[in-house]
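Letters A, B and C mark the chains in the order given here, with residues in each chain numbered from 1 onward.
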Amino acid sequence: MSKNSEYLIERENKQYEVIIGLEVHAQVTSESKLFSQSSTKFGAEPNTQVSLVDAAFPGMLPVINEFCIEQAIKTGIGLKAKINKKSVFDRKNYFYADLPQGYQISQYKYPIVGEGKVILDMPNGQKEIGIERLHLEQDAGKSIHDIDPNNTLVDLNRSGVALMEIVSKPDLRSPDEVNVYIKKLRSIMRYLGTCDGNMQEGSLRADVNVSVRLKGETEFGTRCEIKNVNSIKFMQMAIISEANRQIDLLEEGKEIDQETRLFDTKRNETRSMRSKEDAHDYRYFPDPDLLPLEISQELIEKIKSDIPELPDEKKKRFIDKFNLSPYEATILVSDIETSNFFEDVIKNSDVKLATNWITGELFAVLNEKNLEISQSPVSTKNLSKLINLIKDGTISGKIAKTVFEQMIDGDQDPLIIVKEKGLKQESDPKAIEELINKVIENNSDKVAEYKSGKDKLFGFFVGQAMKESKGKGNPQLINKILKEKLNG
Amino acid sequence: MSDITSQSLFELTSNIKEKKLSSEEITKVFIDRAEKSKKLNVYVTDNFEKAIDQSKKFDSNPNFDLKLPGIPIAVKDLFCTNGVRTTAGSKILNNFVPTYESTVTQNLWSQGAILLGKLNCDEFAMGSSNETSFFGNVQNPVGENLVPGGSSGGSSAAVAANLTPVTIGTDTGGSIRQPASFTGTVGLKPTYGSCSRYGVVAFASSLDQAGPMTKNVRDCSMLLEVISSFDQKDSTSIDYKRNCYSKELSKDIKGKKIGIPKEYRVDNMPDEIEQLWKNGISYAKDCGAEIIDISLPHTNYALPTYYIVAPAEASSNLARYDGVKYGFRSPGQNLIEMYEKTRSEGFGDEVKRRIMIGTYVLSSGYYDAYYLKAQKVRQLIKKDFDDAFSKVDAILTPSTPSSAFKIGEKTNDPVSMYLNDIFTVPINLAGLPGISIPAGKDKNNYPLGLQVIGKPFDEQNILNISYALEDKINFKNDISDWWVSE
Amino acid sequence: MTIDLKTVKHISKLARISIDDEKANKLKGDLNNIFEFIEKLNELNTDNVQALTSIAETTLRFRKDEIKSENIREKILKNSPEENKDFFVVPKVVE
């Protein structure tokens, strides 16, 4: 990274660097839970997706979901990580109202996936972020504090849902990098179909580790962990606020306590989460109800053979094959739905025009209407028809915009719009010449001015000719004939 | 026909199949006897009314192809039974009624058995004398104010006192075999993974196994055949071909190699135990078995290992009893206070002691020194047995270092209580099958047992050896109905 | 090594079991007796021994990703100490 783009926080001639590591909790897209057969579906009535196992009734035992294991391996492969053929499920012991077993089944010493990496496309080049590990674990239930004024209510629908915890190395250095990292991780998992990445529904959350140090320092400072932040915006706010808090402490000559903190989104500040007396001691030990998880090479190979083209590879292909700029390619591959949309459109139409129309007009509409590309009001079929109309000169780019505006309303066929509204471009040289003659006749004074050297007036004549054609005149032809007439 | 309640399971099933007895008749006789035997305190919860209904139902449409046709059976109160209170001998589950059935008990009912009731046991199966039960201690029918052993003390007493034809218990460190030994009955702990743990209140998951407790070896083989099954719902259940134990039962043990481990000759072992063991060895020889001296060098480390592993697992397994979802709750101003009061008032002293030990050995800074160390020693103990079983087919030892003791005698000294399990614990640590059969009596006329230990999944072999020894020993339990009130 | 009163109280806090001073003192004695007996393991050198991870002679079995989609809320909540038809209820938690 070039020096001037470094993210530094300044204090009286001093510059602090912010060190960030993320523990992302990604919900595995599975039908049933990690160790039980309850549904994982979002939004059900409280406690209706709870089995005896999820509620930790006496004598209930966990049986592992094969699909969740495969999804973890798949994600590991997507992160270019080492798949561990033997891993162990441990119990993480602590008491909480929404943790029915009194422990969470997780992986501690021996995770299913080891070291990997994620490549970030930053404005000034690529940056590699190391992945420390990925492990499988159970989600907890939900404590609800705002229904009953005197009690906390517990809903166990989420209890036991499979999560992948993806731990990054402390390689992130700015809120911007965090933004790009989360989006990239989300993109990879969506390409793989291992996590839907839906942050509103809590399918993707993160614990953020933040520490600060003076620029140039090589040792890490004491870090604090901000728990369970559920949007990128809040992660960025939390990082900035927490980094500044730590710097303030250092500036006052105080020490930073290593602790778990909570981000208060209303007050935009982090605060200590649990009292010291309750210092964490999770008493991890291998879950005796489960055996070590052994994965065969065959299974790994089978999953490998099913891995689709991932964003980095797709981006390279788009650049090499379609001659897109890295910037354009990055945008088009950022989301699997977008890249699929793009590839569908260019099956039958021009790549350059398709790129411009998708990243330009279409994205503007989606943004304005707050839609995902999967909900695009214009289908790939009709968009490629529109592009072909431009390409073969049937309509001008300007007319195309008018047509597009109408297409949005119920995915109308551009061919029909052009026909019904008579928007077809006038490309007959005779007809163009006729209307240009008319313009010249009607503006003899301007013609004289032009001929005496006022070149700027050329644009005026183009405008008049276009007006005369009711906007349908082929611009290239108008230009060409006008030039001949005026300069000849 | 002899008194119905004193009949073996084999006799009762034969009599039912031959229509000499009806299920209702049998069920009622056991219920009558139970009503007169309250002094033993074997039942925590009875199911008498429903049992009679079910026996009538069986008689109206009997299926004699079943292995336990209309046989009433009481089970240890550690098995979850659908619609019938299950307490695990604890105040914390005093009011808990499961909506589900353990696999092992389901296997009983699927073969025609009828639930008589739930038998007293040490709280969460932690104890060797049934004195830690919230529901009070159990009297050993062998003698007044004598403990029946534990933790399956209600079960052993019920079988010995003819209150149930057979029963099932659970064994984590000796909880089937030690009470069997104390009451002159037969108890078998199967290979780890033979009987499903689904629906059995957990004590220490890597050690717990359910098993049969019966009057004789044949009954034991019949019951094991019913309860041992592969279960998808238990990830530690093992899918292997189980024998038809009762059909394949044989006294022919000629040429079997039986190992005698020198390390089981512990300091201060009473002479009568030593004598019992010698007798067992000579009976085995009489049956044509070959006796081989073997060594299990890490035997002395088994008990300390057990008292790390079992409490560690228990401390975590019992975390779910927190007053939130079921069971006892003591109100608190806040969540933490509710937890602390609930668990303090809901658990008894021994359970709390073990939770504390387990919490400590897993806590930060001590894990390696205790838990990891114990898991390594456990490996050594297992290897001892692997080595021994490369030379022998089975191992013969005493079941316990003493006979039944008086109620209250050891309650204030946890370590001396723990020493009761010195001969049984290594078998759980190694996951092996072990059976205790009555083999003699001490000077007080209290029963003593011998233990036969087998290779993994070799239950048939230890049953056969026990069957042969049982025949030679010809043990007769000398029980007067001293507790019976008319 | 010996376990002091402070440790006993810390452990009881971790285990969420409240104990008064009298009980704590009694427990301290019991635990020290038990640990004295456990310390016997230190006689053994286990540096080159692999810890036993499972006694079951099998590998972890996988289950298919299938839903058994019965809503058993009533059963799940039936035994709960504080009655509520939708939720488990605990004293107010202030985070």
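As a working rule, a residue touches a chain if its C-beta (ideal position, glycine included) is under 8 Å from a C-beta of that chain, and two chains touch if they have at least 3 such contacts.
Remember, predicted model here, so these are calculated numbers, not experimental data.
Of the two chain pairs examined here, A-C and B-C, it is B-C that is joined by more C-beta pairs in contact. Chain centres defined as mean CA positions place C nearest to the mean of all protein CA atoms.
Once the centre of each chain is set as its mean CA position, chain A and chain B turn out to be 58 Å apart.
In terms of their C-alpha centroids, the spacing between chain A and chain C amounts to 41 Å. Distance from the chain B centre to the chain C centre is 23 Å, each centre being the mean of its Cα atoms.
Shown for chain C are the residues that touch two or more other chains, namely 14, 16, 53-54, 56, 58, 60-61, 63, 72, 75-76, 82, 88, 90-94. Taken residue by residue, chain B touches two or more other chains at 96, 99, 206, 232, 235-236, 315, 319, 322, 324-326, 335-336, 339, 359, 363, whereas all remaining positions touch fewer. Taken residue by residue, chain A touches two or more other chains at 52, 55, 63-64, 95, 97, 152, 154, 281, 283, 288, 290-291, whereas all remaining positions touch fewer.
Here chain C touches chain B in the complex through residues 3, 7-8, 11-12, 14-19, 27, 30-31, 33-34, 37-44, 46, 49-58, 60-61, 63, 72, 75-76, 78-82, 88, 90-94, going by the rule given at the top.
Chain C meets chain A in the complex at residues 13-14, 16, 53-54, 56, 58-69, 71-73, 75-77, 82, 84, 86-95. Touching chain A in their complex are the following residues of chain B: 80, 86, 88, 93, 96, 98-100, 102, 197-202, 204-206, 232-236, 312-313, 315-316, 318-320, 322, 324-326, 335-336, 339, 359, 362-364, 367, 371.
Against chain C, in their complex, chain B makes its touches with residues 95-97, 99, 192-193, 206-207, 232, 235-236, 238-239, 298, 300-301, 303-305, 307-308, 315, 319, 322-329, 331-341, 343-344, 347, 352-353, 355-357, 359-360, 363, 370, 372-380, 382, 414-415, 418, 429-431, 456. By the touch criterion given at the top, residues 52, 55-64, 91, 93, 95, 97, 100-103, 152, 154, 281, 283-285, 288-291 of chain A touch chain B in their complex.
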